[in-house]
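Okay, so chain A shows up in both of these, paired with chain B first and chain C after.
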Partner chain A sequence: MTLPATLQSNRITFDDPLSVQEHFHSRGWTDGLPIVPPTPDAVTACLDWAGLPAEHLVGVEPVRGRGLTAEKIAVNAVMAGCLPMHFPVVVTAVAAMLAEPFLLHGSTASTGGSAILLIVNGPIRNEIGMDATFNALGPSDRASTCIGRAVRLVLGNLLEVRPGEIDRSTFGHPGKISWCMAEDEEHSPWISLAEERLGDPHVSAVTAMAAMAPRQLMNEWTTDPEEILDTFVAEIKANMRHYSIWAGNYAIVIPPQLRQHFAAAGWSKSDIQNYVFEQARIRRGEWADCGKGAIVHGKDDQEYAALPDPSHLLVIAAGGPAGGFGAVIPPWLGHKSRAATMAVGACVDC
Partner chain B sequence: MTEKFVTAAQLMGQVLGAEGYPFIVTEHPFSSATTDELGARARRVAHTCGDHLLRPRST
Partner chain C sequence: MSIEVLDPTYGDGLAGAGSQEFALAERLETLAGATVGFISNGKQGTVRFFDALERELIAQYGVAHVVREVKSNYSAPADPDILDRAKEWNALVSGIGD
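Right after this comes the complex of A and B.
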């Protein structure tokens, strides 16, 4: 095999598959799981599928000014198990994370330990076999798992976001292994997250959010949208009391069993956002109820909203067909990092 | 920089092209320290600020 002239990465030859794994592990290039060897053919196949030259600059990490090329991202995508058809989503996810408002360095270096949550919308979900139903927030399908892992390997191998290096997370959470999901647009009464944020009903897009671990809730004993949302709001308020009071992007995930009640009542995503915006508020004095009295500073009655405005609530339709559950996904640290949505195939520098 | 972030500061200096960039280290954590404790820590390191600021730049 001849190394394609356009690829710049170092080439290493191994005698057997196990030695490949051990070499990559020993260099700290993996997350501890086995990797797919990023052969020149496999890397080139990813680049060809996305129509990107190897040297294409996908984006620049704003703090360090470090450019990430398509080739280096493709190497990590192959390592994560991605097929070429997954690669455009990986590239888009990386570009979204590099958007300045996302504050990639802060959110990945912080002791807070957020993960990158990726939400995929549009036709590409079905083209690459993403499943937004069963186990929606976990390893639901090959594409989701591999794309999420690819982004994590990119962070580690291209930006030193490894535990104890740039990544100073006290705990982290399991979403840092891989966290990618699709929205269930086919079984949703609402516009998609991408249409809401980009204004195009046909676009394939990726939304990246610096996200804390999901908090699961349950309320299958009412059909009233307000009562259902009161449970979500209670979970958001618990996060504000126990973790961080600062307003930012929250995501809520609503499964089919609860979505049908919103649909029957004629509630749109906008209605949900407005209700949560009005209801998800706590007083600073509530901190004293949970051991944080030291930082109330006499401002007991000062009110804090979870959302800077209703649009900061990401309402996501996903989940298996049965179960009156829901999930609240809090932001890393208020609005310091803002969710970024980018269309698949959009060129950011041409 | 607090003592728990020394390696992070060293790494950031390295990746930003300023390997060996000097910084002052104080105790961790400071979020639960009293005002008096913070004052004491500041006094302990204050004398080194001048040294850092006036140190000749290394090439």
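Right after this comes the complex of A and C.
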């Protein structure tokens, strides 16, 4: 076979696909699961689908000054199981993560152990078969799982964000294997997350957030939006008391059974953001109730808000049709990393 | 039938065009009479560690001056003004601590 002239990565030849697996595992190039062998043809197919030359610079990791090329990202996307049609989402996710306010190095190196949550909006969700309903925060469909995994392999192989190397997480959480979801725009009374953040109702986009593990809640015993949100707020406040008090991007995921009550009451995403902004606050003295009295330092009445302002709350419509559940996804260490939203197909350096 | 695959790592030398390669500074022959800077990440646990390191460097190695700086964001690189001042130092310790 003639290799495409544009691909520059080192090429390695094996006798059979099983040998590829063992070689890649032995070098620490995988997440422990089997990978798809990144053949030149498969990598080229990804690049062709996205219309990107191999040498295209998707972005530069700002702390270590590493430029990440489309070719290297494609190699890892293929390994993760991505089809060519998934690749534009992977590229967009990586570009969003490389935005300076995201602070990729800090959020992936920290002992805090956050994962990168990707939220996909727009027509591309349906084109690649993403499902925003059942098991929305888990492995709901092939595209979501492979795209989330691709990002994790990119971190490991291109930035050495591997456990014990750059990744110093004390615990981490299962979202670090793969964490990508779509918003359920078709069954939502609200504007999408991407429209809210980019101002375009037709855009396909990816939002990346340095996210702690989701905290699930349940309240199916009221139809009052304020009472429903009080349960979300209680979970946010618990996170502030037990984990981190610092304000930042919180995400809340609201399923259809609860969304219908907000729709009936005429509540917009903005109404939800404003209510949570006002209510999600704790006093420093509350730390003494949960064993952290040593750091109250006499400032018992000092108040802390979960959100720097209402727009920092990412309100996401997703989840299966039945169940009055919800999820709060806390940020990694407050405002140090800010969620970044990037349009699919946007060029950041041209 | 053989199978050919591509190296997935950054380490095979295929750096993106925007990459900056960092190199270690030249090693000092001696610390005697040197000015050594400490860049702390700002976490509480660094204070006692750097206090002890300062004492050791002066007592054991004859370091003339120790300059202490603290980053404004412990997860981000050092602030530009700190890096400007660092140009005046002979050596620096960029320590992490928790």
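The working rule: the second predicted complex is superposed on the first by the 350 of 350 C-alpha atoms of A that agree within 3 Å, B and C clash if a C-alpha of one lies under 4 Å from a C-alpha of the other, contacts with A are read in each partner's own complex, and residues count from 1 in each chain.
Methods note: a contact is a pair of C-beta atoms (placed from the backbone, for glycine too) under 8 Å apart; a residue touches a chain by one contact, two chains touch by 3 or more.
A quick note: this is a predicted structure, and the numbers were derived from the prediction, not measured.
After alignment on the shared chain A, the placement of chain B and chain C results in a clash. In the superposition on chain A, contact of A:239 is made with neither chain B nor chain C. When the shared chain is aligned, no partner comes close enough to touch A:188: not chain B, not chain C. After overlaying the two complexes on the shared chain, residue contacts for A:145 are found with neither chain B nor chain C. Judged by the touch definition given at the top, the superposed model places A:114 against neither chain B nor chain C.
Within the superposed three-chain model, A:8 lies in touch with chain C and out of touch with chain B [touch as defined at top].
Of the two partner chains placed around the shared chain by superposition, chain C is the only one that A:57 touches, whereas chain B remains out of contact. In the superposition on chain A, contact is made by A:164 with chain B only, not with chain C. In the superposed model, C is the one of chain B and chain C that contacts more residues of chain A.
Counting contacts by the rule stated earlier, residues 64, 66, 109, 160 of chain A appear in both its interface with chain B and its interface with chain C. On the side of chain B, the complex with chain A involves touching residues 5, 7-8, 11-12, 15-16.
Within the complex formed with chain C, the residues of chain A that make contact are 1, 3, 7-17, 20, 24, 27, 29, 37-40, 43, 55, 57-60, 63-69, 71-72, 75-76, 79, 103, 105-107, 109-111, 153, 157-160, 333, 336-337, 349. If you check the complex, the residues on chain C that touch chain A are 1-10, 12-22, 73, 75-77, 98. For chain A in complex with chain B, the touching residues are 64, 66, 109, 160, 164-166, 168.
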